[in-house]
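These notes concern the structure reproduced below.
Which chain is which? They are A, B, C and D, in the order written, and residues in each are numbered from 1.
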Amino acid sequence: MARPKDDPAVLAEAYRRVRGATEALCAPLTTEDHVVQAMPDASPPKWHLAHTTWFFDTFILDGATAPDPAYAYLFNSYYQGVGPQFPRAHRGTLSRPTVAEVRAWRERVDAEILERMASGRFEARGLELIELGLHHEQQHQELLVVDLKSALLLNPMDTPIVACPAAPDASPPEGFVDVQGGLVEVGHGGSGFAFDNEGPRHRTFLEDYRLARSLVTNREYVAFVEDGGYRRPELWLSDGWYEVQAQGWEAPLYWERQDGGGWIERTLGGRRALPLHAPVTHVSTFEADAFARWRGARLPTEFEWEHAAARAQPARDGTFLEDGALHPEGRATGAHGEFNHLLGEVWEHTASAYRPYPGFVAPEGAVGEYNGKFMNAQYVLRGGSAATPRDHVRLTYRNFFYPDKRWVFTGIRLAETA
Amino acid sequence: MARPKDDPAVLAEAYRRVRGATEALCAPLTTEDHVVQAMPDASPPKWHLAHTTWFFDTFILDGATAPDPAYAYLFNSYYQGVGPQFPRAHRGTLSRPTVAEVRAWRERVDAEILERMASGRFEARGLELIELGLHHEQQHQELLVVDLKSALLLNPMDTPIVACPAAPDASPPEGFVDVQGGLVEVGHGGSGFAFDNEGPRHRTFLEDYRLARSLVTNREYVAFVEDGGYRRPELWLSDGWYEVQAQGWEAPLYWERQDGGGWIERTLGGRRALPLHAPVTHVSTFEADAFARWRGARLPTEFEWEHAAARAQPARDGTFLEDGALHPEGRATGAHGEFNHLLGEVWEHTASAYRPYPGFVAPEGAVGEYNGKFMNAQYVLRGGSAATPRDHVRLTYRNFFYPDKRWVFTGIRLAETA
Amino acid sequence: MARPKDDPAVLAEAYRRVRGATEALCAPLTTEDHVVQAMPDASPPKWHLAHTTWFFDTFILDGATAPDPAYAYLFNSYYQGVGPQFPRAHRGTLSRPTVAEVRAWRERVDAEILERMASGRFEARGLELIELGLHHEQQHQELLVVDLKSALLLNPMDTPIVACPAAPDASPPEGFVDVQGGLVEVGHGGSGFAFDNEGPRHRTFLEDYRLARSLVTNREYVAFVEDGGYRRPELWLSDGWYEVQAQGWEAPLYWERQDGGGWIERTLGGRRALPLHAPVTHVSTFEADAFARWRGARLPTEFEWEHAAARAQPARDGTFLEDGALHPEGRATGAHGEFNHLLGEVWEHTASAYRPYPGFVAPEGAVGEYNGKFMNAQYVLRGGSAATPRDHVRLTYRNFFYPDKRWVFTGIRLAETA
Amino acid sequence: MARPKDDPAVLAEAYRRVRGATEALCAPLTTEDHVVQAMPDASPPKWHLAHTTWFFDTFILDGATAPDPAYAYLFNSYYQGVGPQFPRAHRGTLSRPTVAEVRAWRERVDAEILERMASGRFEARGLELIELGLHHEQQHQELLVVDLKSALLLNPMDTPIVACPAAPDASPPEGFVDVQGGLVEVGHGGSGFAFDNEGPRHRTFLEDYRLARSLVTNREYVAFVEDGGYRRPELWLSDGWYEVQAQGWEAPLYWERQDGGGWIERTLGGRRALPLHAPVTHVSTFEADAFARWRGARLPTEFEWEHAAARAQPARDGTFLEDGALHPEGRATGAHGEFNHLLGEVWEHTASAYRPYPGFVAPEGAVGEYNGKFMNAQYVLRGGSAATPRDHVRLTYRNFFYPDKRWVFTGIRLAETA
């Protein structure tokens, strides 16, 4: 199948679909929900709507469509090469432009892009940047969901905006799959789209290892909590133990201890009894690492993960063609070869620091700031979550967060040295 | 004229008028404007709408009207005796309840109060608390305006929501008025309404002094700025000099230095050339004190201010009867006896720490937290601003802020020792 | 008796005595003790030795004696008019100059001052500044003691460097003394030495009041603690309650709850059982205020205190003539008229904000920074402590601290409105 | 040659030598110098003297020798398994125990250890821990030097305590050495001593690469500074750019721009003109990374470094046998095979995050906290500095610091992808 950037008709179709998906995500929100920001890591939905539009306006349309010059400042996330940025922590203080004004801007940009596309006015580089802009927008679709969740759940009121799917009624398969190592190839090398940080494809050596068949469940994680996992420094990295103390962590984010025992989980569907057979989520790298140590196991490296996942399922390029059955609060997943819910249930923590691959060089210009400059102090997460658009999931995809972050849908798959 | 609390019909009329005035203030706002908070000192308009309603719900209706038990937590400002409070700095993270839900709550409370009032179901204490609630709401009307201003003006976009009145075209009268001191009486002692902190009325001794006929103008303040006022530590209190450095102050809040000289002032009516003959505003106590030192003068004490103001104009009790010609960005004021714009132009800084009057005892119960517990590290401001409802201005009124605060409409009237 | 500044021989004698007293305070210290600083509020003993010398060097000898130009920067406390200052919080990072080098500098300055004094080379202004320098040094003698205490007691090791006097074996007299108010004169007005902030002497009006005969004892304060005083927000000023939470206060500074009940007090003489009949000390203004509210009383204003103290005992000027029986951990005090231990037991908290007296103008030049610029957000303390040199105690003396400070020897005398 | 732990006589000799070397380092210090701490990262020399002794006391002598139980708390660095720790940031507030008391403790521990060793009372595990304790002490010897340097140089006074060796009078050789990659072995695997984090020895795959013959010199780094290196965000990692802004970095630590051009470097030998042909030092990982990007090169990975260094010089185990010609401010170094000053000039930044090797498991018990728990957010440095004892340098040694740290002797060797 043609890659979107190589076929304007396919790209136009993808453009309509991806842009529309962002709007669809906002359908259950009130105007007020669009404005709020719970913490500096998160952004208001309205900002996501505007920033993804700014991306097209800036990199494709040369900034020609913004109704106010302040937009260039307000909706630049972190591109120093483009200009200064309104402070991230204060995005929730902006009432203007209004939601309606942002939507009008989206429409204007969409019309302009689609019109130019239809009339063949983009060079190859332009089409490539549009494709990049769509993948960028898909990233923000997931962030929009988890950022919104952080704001709605900082509020003590229960505000269900989606209906949660039924929780699994049994534990997933247990145990580990033996994987043979050796000198293997990892990283993106195909003809499909990938972000710059997924390449170059290169060789790496892996010892034999074992990777858990399933994700760690809430039931297993409750056992860790009840065993004093959050009170035993010997289980934690030193920086992690510091966070436990400083943040007062006692359980994953959004868990509430129920009077009389048991746990409640807060979700976008409201409060509900913690589904014990579902994968644990909203845990940081520090928690994943401590849990693994408690279990006598460890987290896999990103290459162990990729090598096993590739074996379980042929690599797939993101192509914007599949319809995303997006459900932020869980998804019925099946098996991927020997592994259970490997792709797209929760982002899977790895033991790998987010650093450049051998031979990586960031692209020239402001677009080069997309990924490369963040290669410090963060960890790689692999796979994808129920909030990740289906066609945005890739075997070589490298998501990354600081190890104390918990607001994204993140989970744990254990590994062992063979 | 009957004091509202003593005449249910008068009180009901005042109730309708004051509650309606709050709504009227919000008329030019978008839904988004209702949600945002620029800084911990300020609250979103929606929160003001809800909190003033919470006050009636809690102290008059025993919390019976809130549609969700979380309201008691979300909209309690600082009353420890009532219960815990949602953190003030995070009020702008709340999208729920929505503006419409808050308005519906207001209507429900209003209906309930007015119905009970009409049917004579309140005891004297209840009527007294309703009257207090109205004065409380009037305080929040002014805060709503300045808080909103802080949010709209943190945004680089110009968003005029009112039309500014024409600026004065000439300097106000200059010079000082000689005032004779002696053993004088100060504080509230009449039969009209006053907050607890305005009494008891008591004797104090004043030496003879001189009080400026007019407020310091922007023109005079520009001279201070141009003379290096913000770069000369010898003009400042030590804590004030610390703020100058830490906050990078170079001029009053909302001033912008124009390319090519001159100053722009940002207002709720948008950017405009600084009106040189208008009183300077948005200055902190520290700045007022430094300006006075630079001029070889000083700030008046609160009693010097009250004694002179009483001489210029008979004391007036707040009675909710006059119609407020509220205009947050300036008001054409006339003379009050020998003094120019004495009441209701800008809040006037004094040299007096906000401390209890001799014999002051806070009322029993949670209402006793209204004023008394804040009597530390703040300064008294007197008079009133263009955003203060006309019938909320009193000669004995003690407003109070920390000396580094600038977001309220505050100004400077100088004094001299005779 | 001649005031020192008016008689060079008397001044020289005072100079030797005061400078020697500072050295004597350091006699029990190790070299290491001279270097350490527990917190930004405190300074190392070595710094006090150097700073008091810097004062003479700078204001009397024009900076001629410092062996290194860096001294002017290192030992300037806060005089912006003299030049920049080494950051206060980092004074404990300075190993150089060494203690021996600082002592050598002291000797050089002393020799120079005494030689010039003997040869009559000082004008009246010079003699006046030397007198000021001696009072300045006496202030630092007390700070040296409490600052050192804060460092020695941050250390878990018990390091007795003085022998504590026996604790009182009975409660002091109880009850209040009725004091008649009226239009009274307060402030320094005599011919003796006083700091600028003690004047001008002026009239103030006092209602009749009652002042406690004795200071609040540890026994009484234990009752407040045991009654939940530190857990009841209604007893506290709002800013005070914030400190209780933020600092985790549960008792006065240096108290340790003993296993099995009872309290230990840490002192410069080591750990000991809390002496129940001794005045409580190391309490902040916030704690004093909360205790008073708990008792249904209040703190006196500084003028109520001064007026009562003046009645009890004739005002006395500090003259450097009496020999100080300085003992930082308690002193056997007798009666002063109707009042028990009124002067020099512990500094007595007042309800008065530290603000300028009517007509106060700070002196010209850098010396004008001594007191005036700190007149914000602090409270006046009156009397003196066991660590205050005897001849440094004055009825008009205004000590001042921020209301959360506890490391100075501070205590509580209650007042009541008559 | 026998490894010390396997021959008590060799170990005793090493013990005397290493313990004596620590004392020798302190010889030029005043008592005051022993007490001070410039920042939370650093510790006072006295603390290092005590902590290294605590290590032997705790892990070998079961805590039997401390004269005060508080020592266990005061001198525990970070071993949660041993007990709580006095806050690191406040180590400079401790005047007690005194330097003399710490020295007396050292002597007592030394006597006890040597006596038991001589009388053959240690099992193999005991001898192994003693050997570990000596390597631990050698680490602290270097920290003692750089920590002291940070305190002496926070002080504006120039305090030379060593004589700097002459600076090189010519640039070192330029250019890169081609190194062939492949599947190589890295990590410690020999019979000599190594820290747990240096193993297990394992296979890793390297592409061919080029490693700079020499370290980056001050001359080259000045060119980066003069080219605006500290003002160009595109050269920096995002977290690094944040530090540049927050810390106000404009050049390496301890550089001062000279009036009239040129640079001064502050050293333990005092201020001197920056030696242009000497390797740049006191740069953070962020600065090293930005410099490399500016030069169109990159930092080597730790395995590229180790593989090249192993080729240049046979691996050497630390054996405590060579006499350390320790000079903290530079050392005349010669060639190591094709590379200039490869080992022991300055610690060389790498691109490698400090993470566990495949198969790494921290030892059981508190000693397991030595290295493993710090494997987050730090980077590996390789080689050694002029302040590293000669026999402490190893090809497999992994030093590690957070990427914003600059107080250690760190430098830059560039790499290129072949």
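Criterion: a contact is a pair of C-beta atoms (placed from the backbone, for glycine too) under 8 Å apart; a residue touches a chain by one contact, two chains touch by 3 or more.
What you are looking at is a predicted structure, and each value in this text was computed from that prediction instead of being measured.
Sort the other chains by how far their Cα centres are from that of chain D and give me the top one.
Farthest from chain D by mean C-alpha position: B.
Pick from C-D, A-D or A-B: which interface has over half of its contact pairs in common with B-C?
When the contact pairs of B-C are compared with those in C-D, A-D or A-B, A-D matches.
Would you mind pulling out the distance in Å between where the CA atoms of chain A average out and where those of chain D do?
Taking the average C-alpha coordinate of chain A and of chain D, the gap between them is 38 Å.
Chain B to chain D: how many Å between their CA centres?
Roughly 59 Å separates the two chain centres.
Averaging only over C-alpha atoms, locate the centres of chain A and chain B and give their separation in whole Å.
Their C-alpha centroids are separated by 46 Å.
On chain C, where are the residues touching two or more other chains?
none
Quick one: do these chains touch in a line, a ring, a star, all-to-all (complete), or other?
If you draw each chain as a dot and join those that touch, you get a single closed ring.
Tell me, which parts of chain A touch chain B in their complex?
Those residues of chain A that touch chain B are 30-38, 46, 68, 70, 73-74, 86, 90, 92-99, 151-152, 154-157, 159.
Under the stated contact criterion, what part of chain A meets chain D in this complex?
Answer in residue numbers: 78, 80-81, 183, 202-205, 207, 233-234, 236-241, 351-353, 355-356, 358-359, 368-369, 373-377, 403, 417.
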